[in-house]
Amino acid sequence: MEFISQHPVLVVSLVKIALTLFVVMTALAYLTWFERKVVARMQSRWGPYYVGAHGLLQPLADGVKFLFKEDVTPPSSDIVTYILAPFLALVLALTAIALIPIGPTDVLLLGQPVFAVSNVNIGLILLFAITSLGVYGVALAGWSSNSKYPLMGGLRSSAQMISYEVSLTLSVVGVLLLAGTLNLGDIVSGPGGQTGYWLHFIPRWNVFPQIVGFFCYLTAAIAETNRVPFDLPEAETELVAGFHTEYSSFKFAMFFMAEYANMITVSCLATILFFGGWLSPFGGHEWEKFIPVAIFLALAAYCLYSIGTDLEAILHKLQFTIVVGIFLVLAAVCFFFPQYAMPPFWFILKIAVFMFFYVWARGTLPRFRYDQLMSFGWKLLLPAALANLVVTAVVWLVMHP
Amino acid sequence: MIVPLIVFFACALLAVVGAVLLILAHEPIHSALSLVLVMVALAILYLLLGAPFVAAIQILVYAGAIMVLFVFVIMLLNAGVEERTDWSKIGKWVGLPLGFLLLLEIAHWLYHSEPGTAIANGGGAPPAASTFALSTAIFRQYLFPFEATSILILIAILGALVLARKDQ
Amino acid sequence: MPILDHLWIILLLPLLGAAANGLIGIWLKERWPKSAVNACAVGSVAASFLCVCEAVREFAALPASQIPVVGNYFNWMLAGPFRVDFALQVDQLTVVMLLVVTGVGLLVHIFSVGYMDHDPGYPRFFSYLNLFVFFMLTLVLGANLLVTFVGWEGVGLCSYLLIGFWFLKKSAADAGKKAFITTRIGDMGFTVGILLTFFTFGTLSYGEIFDKLTAANTPVENHFGVITTICLLLFAGAVGKSAQLPLYVWLPDAMEGPTPVSALIHAATMVTAGVYIVARMNPLFSRSPIAMLVVAIVGAVTAFYAATIGMAQTDIKKVLAYSTISQLGYMFLACGVGAYSAGIFHLMTHAFFKGLLFLAAGSVIHAMGGEQDMLKMGGLWKKIPVTAWTMLIATLAIAGIPPFAGFFSKDEILWAAYSGPYANKALWALGFSAALLTSFYMFRLVFLTFFGQQRYDEHHVHVHESPWIMLGPLCVLAFLSTVGGWFAAPALWGGQNYFDDFLKPTFASAAALAPVVVEPPHSLEIYFAAFAVTAGLIGLAIAWWLYLGDPDRPKRLAKNLGALYKLVYGKYFVDEIYAALIVKPLLWISTNILWHVVDEGMIDGAVNGTADVAQLAGGEARRIQSGNARSYATWVIIGAVGFTALLLGIMGMRH
Amino acid sequence: MSAIPVSWYLALSGVLFGLGVVAFVFKRNIITIFMAIELMLNAVNLAFVAFSRAHSASGQVALDGQVFVFFVIVVAAAEAAVGLAIVLALAHTRQSLNVDRVNLLKF
């Protein structure tokens, strides 16, 4: 206890890190489930179904499978780099998440902010810095496998990431101009932040003035995370599985997780930069807490109802009681501690929308050709982002003489 | 305040090790990685020195862009293990010792240099530089160098294009 | 006072003319028409002359307190205590010189338009001529020794250029070199004199020097001291420039140049620079009797000596050249005996009649189609009357026949030599006999040229009078040589000498320092004048008896005189002596020592040796450049290590 | 024994620079040699930042050093772009990345 009181930073940080890791890991796992479900629905399939009710335990099963599969290391590979690559990818991805505040940075516990693992003043740049290092994971993986397709994939992805990183950063600068700070928390709720309303009903989110920047960001973000329709590095039809062709077992899982972590990161960033982060669209009134309460209660009710429907699967009963309990607990938390519960609620809700968008895009859009990718990035996206920046700057100057 | 001390020595060690690895590595890509290591270590040192923005830039541009470019080129040329030719006699016999001599000289000189006595971390250390102040300095006081460098970059881009273009 | 405040205008105009002809003319060649050349050359000098007249008018209006007028234009050199401004000044002496230079210069220019008409180097000639006028004006206007020296050397240069104007003719080129080098010898002394002046007085400006002299109230230096040295050194320069013994040899050869040049440079103006400088430095000279004695002796001896040579010459221009020398001798004699104003007076009148003589001679040569030998002339009186008349007037003037100009000036000089403060009977005797000889050889010239039966082939030479553009200047000069001396005329019947009075302020200190002598009765002067005239008439008579009577009488006389005649005819063989004593040894030394040993041996050896060493070193050093980038890097490191070590060393010292 | 003097950072930068020099001479692969240059630049940057730290009093911060680092990085980027382009051209023409094989720059 004495140590705690002496070094609050260390202790609280450690706790927060552990918590974040746990949450994020779980989220990653269930993101896969979510994605498969949604895509299945789009293709009018059932998706994962057998492992647990509605395949709820599928991610668990996948994890176990990854862990117990044989870990093949190509003999001609460059061992150090080969092993280093996946770790690099995952670690960087998770580190990036640690920089993101999911709630007001002024809510303190033991003198430390609750909702941010680390609230640094240059958060945004640091975030970009760390994500920019993510390239190494892919590139090294491609190179160290010492085989054609991975090399190709690595080359492609590194080229793609370098190209789109530029437009990604540029598209954000407009927001920075409006916010006047690099601190992610202040971008949301700082003096130049997104609190308040236009015309008393349009939330003061950057997405409205920065609509061009937002779309640039969205596109660049998808490309940055190597997702459809920009998933050239792992284009099955062209080069098997791209940079992680030679990877198997848990290393492959790492890449997988890294990819989803990156998705989360960019979604969080989009939320914070363009959609008012944890701010509620309604202005944070007292009554808003009933929204999540109602939702959770409804979900709990649905689960109870579905328990009632099929009586034979005892396992299902067990799971559903657990899920119901979780929902009830969440509802209670939202009801009794709204100041701690509401910001994450809105934040996660917004992220969920982005996630759905990701999956939606994957389910619908075809893949680009490589030259199209490059020309699109350099000849369309970059100029657009630049133009947006210039226009923003000019307008800003006009409005703030 | 034991933490900065630990961090400093850790990073310093990392940096030196990275540099040595850069020299000893046979694979160019290993050299590149060790250099990235050095850069990251330096970035942390910058943070320690109260220059967070520079640290971020260091990682973003150096580690994240320049070195990626290096790695990219290495992969593109598929540069394998370097052949250890010894065609530079003087480089072989004189270069190395002289290099270390220079190392010692510079280290000695810098160590005994005037500002060396100031305290970097710990008691009475100055605060970290705010990004605002830095940007103000760059765009007000150093505006002309800034523009000049931007033009330099433009020229560099053109030069790179001209060099890389397939001559038809 | 528009002009006096802007003296530089007077200088600038001829310079502009020279630039116009010298640059544009040479550049455009044929497309630069003669009319343009004339406009630039003559126009500039004419304008300059008008400016001078205006300046004189303004000068006359000035109170004595404001004289001399000094225009200080810019600081030319500044080195520690050594400070020289580009300053011009005008006082009485300068006024006279200005009038002579620009006036005669203008006339000569006009004459040249006709004389050089068919010459290919037309614009070049006039640019040189203008340049000469510019430098001559600089010389006379200069307010300190250095500016004067610039003009001094400049006129030397122009003289060189113009003597060697027809540089394709070897004799001309050699003559030019001879003139240049010979005057250099004198200028050497002049330069040292300037340096010594600065060393002594700490300044070069005339005004300051003279003020210092008067302020320190320097005593007259009867021993051989610094002032004497300065004077002698400056006089050495004067001797060179004014072709006195022993440096006169260049002037006769200078006749290789076009005749107008001889008229302007080698008779009227440049050669009088020596006299001018002596007169200018009169406060210095009159403080050193020794120097004055030297000046007087050199002048008198030269006057007599040159006259003797002149008697035997047959080349019309050579005769005039020697007469010029002897007349210059007169001027120096005047200065030497303290009669500066008389010297300047003679300078002016001489400028008139000698310029006239030369121009007339030029006209004769022009008429004879380039023939210069008097023995091949004769009987031209009818053919070219104007030339003949003007030449006769000039001859009368130089022979000292009243009422022509030369009479008054020469009379004054001789009178001063006899009775002046520094009177010296011997010198007077020399001058007197020189006057006799002068009238003899001048009339000899006239008779040989214009009278007697013609000794040339009618068919080859078709004699014709010159165009009026040439005759005009002749007439003007003739008028001047007639009336030019009348300033001093009243002095004869006891009136005042206007010229003398005008120049008095300039020579005030000299007059003050001069020892007081009992003024001999005025009647005596009349007698002397009569003497001089008789001398002139005697000379005339002898000439008549020799050359208008029996034609082979001169030959017999020559035979009777024998060796003496040969000596005189050979100009005392001075050129040969110089050649044997100076030129040949110099050539030998230059060839066998300076050229073969010093130049080829040492200098070339050094140069080639350096080259060889460099080549050898390069051949070895290029191995360093192996083309291996890492080796290069190593070299860089070596440098860096050395430099850092150096810095560390320095720091170590500082700590 | 908790305060870190600036001189330590300077010494570190010196060491790194020296190592960069050694690498420059010692490595044959032209790309690696480029990296050596970058290493030296980094060392210099460290010195810059340290100096800015040293010259900034507890009151205000002397930013010049950091600004210079900024410029150094920018220039390094430009240099890398051109240099790597040259490397590519070289590799295409001479089929080798070994600087010892590229030795036409001589007498």
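Chains: A, B, C and D, in written order; residue numbering restarts at 1 for each.
Definition applied: contacts are C-beta pairs under 8 Å (C-beta built on N, C-alpha and C of every residue); 3 or more make two chains touch, one makes a residue touch a chain.
Just so we're clear, the structure is a prediction, and the values are computed from it rather than from any experiment.
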Kindly work out which chain lies most centrally, taking the average of its C-alpha atoms as its position. D
What whole-number Å value describes the gap between the mean CA coordinates of subunit B and subunit C? 81
Any idea how many Å lie between the Cα centroids of subunit A and subunit C? 105
Roughly how far is subunit A from subunit B, going centre to centre by Cα mean, in whole Å? 31
Between subunit C and subunit D, centroid-to-centroid distance (C-alpha), Å: 76
At least two partner chains per residue is the criterion; list those residues in subunit B. 53, 57, 65, 69, 74, 76, 87-88, 91, 95, 99, 102, 106, 108-109, 112, 130
Quick one: which residues in subunit C touch 2 or more of the other chains? 626, 628, 630, 633-634, 637, 640
Mind pulling the residue numbers of subunit A that touch at least two other chains? none
Chain pairs satisfying touch are A-B, B-C, B-D, C-D
As the complex stands, subunit C meets subunit D at residues 622, 625-630, 633-634, 637, 640
Show which residues of subunit C lie in contact with subunit B when the two form their complex. 626, 628, 630-631, 633-635, 637-638, 640-641, 644-645, 647-648, 651, 655
In their shared complex, at which residues does subunit D touch subunit B? 1-29, 31-32, 34-36, 38-39, 42, 45-47, 49-59, 61, 63-64, 66-67, 69-71, 73-82, 84-89, 91, 97-98, 100-101, 103
The subunit D residues in contact with subunit C across the complex are 21, 24-25, 28, 33, 99-100, 102-107
Footprint of subunit D on subunit B - complex, ascending: 1-2, 4-5, 8, 12, 15-16, 19-20, 22-23, 28, 31-32, 35, 38-39, 42, 45-46, 48-51, 53-54, 57-58, 61-62, 65-67, 69-70, 73-74, 76-77, 79, 82-88, 91, 95-96, 99-100, 102-104, 106-113, 115-130, 133-134, 137-138, 141-142, 145-146, 149, 152-153, 155-157, 159-161, 163-164
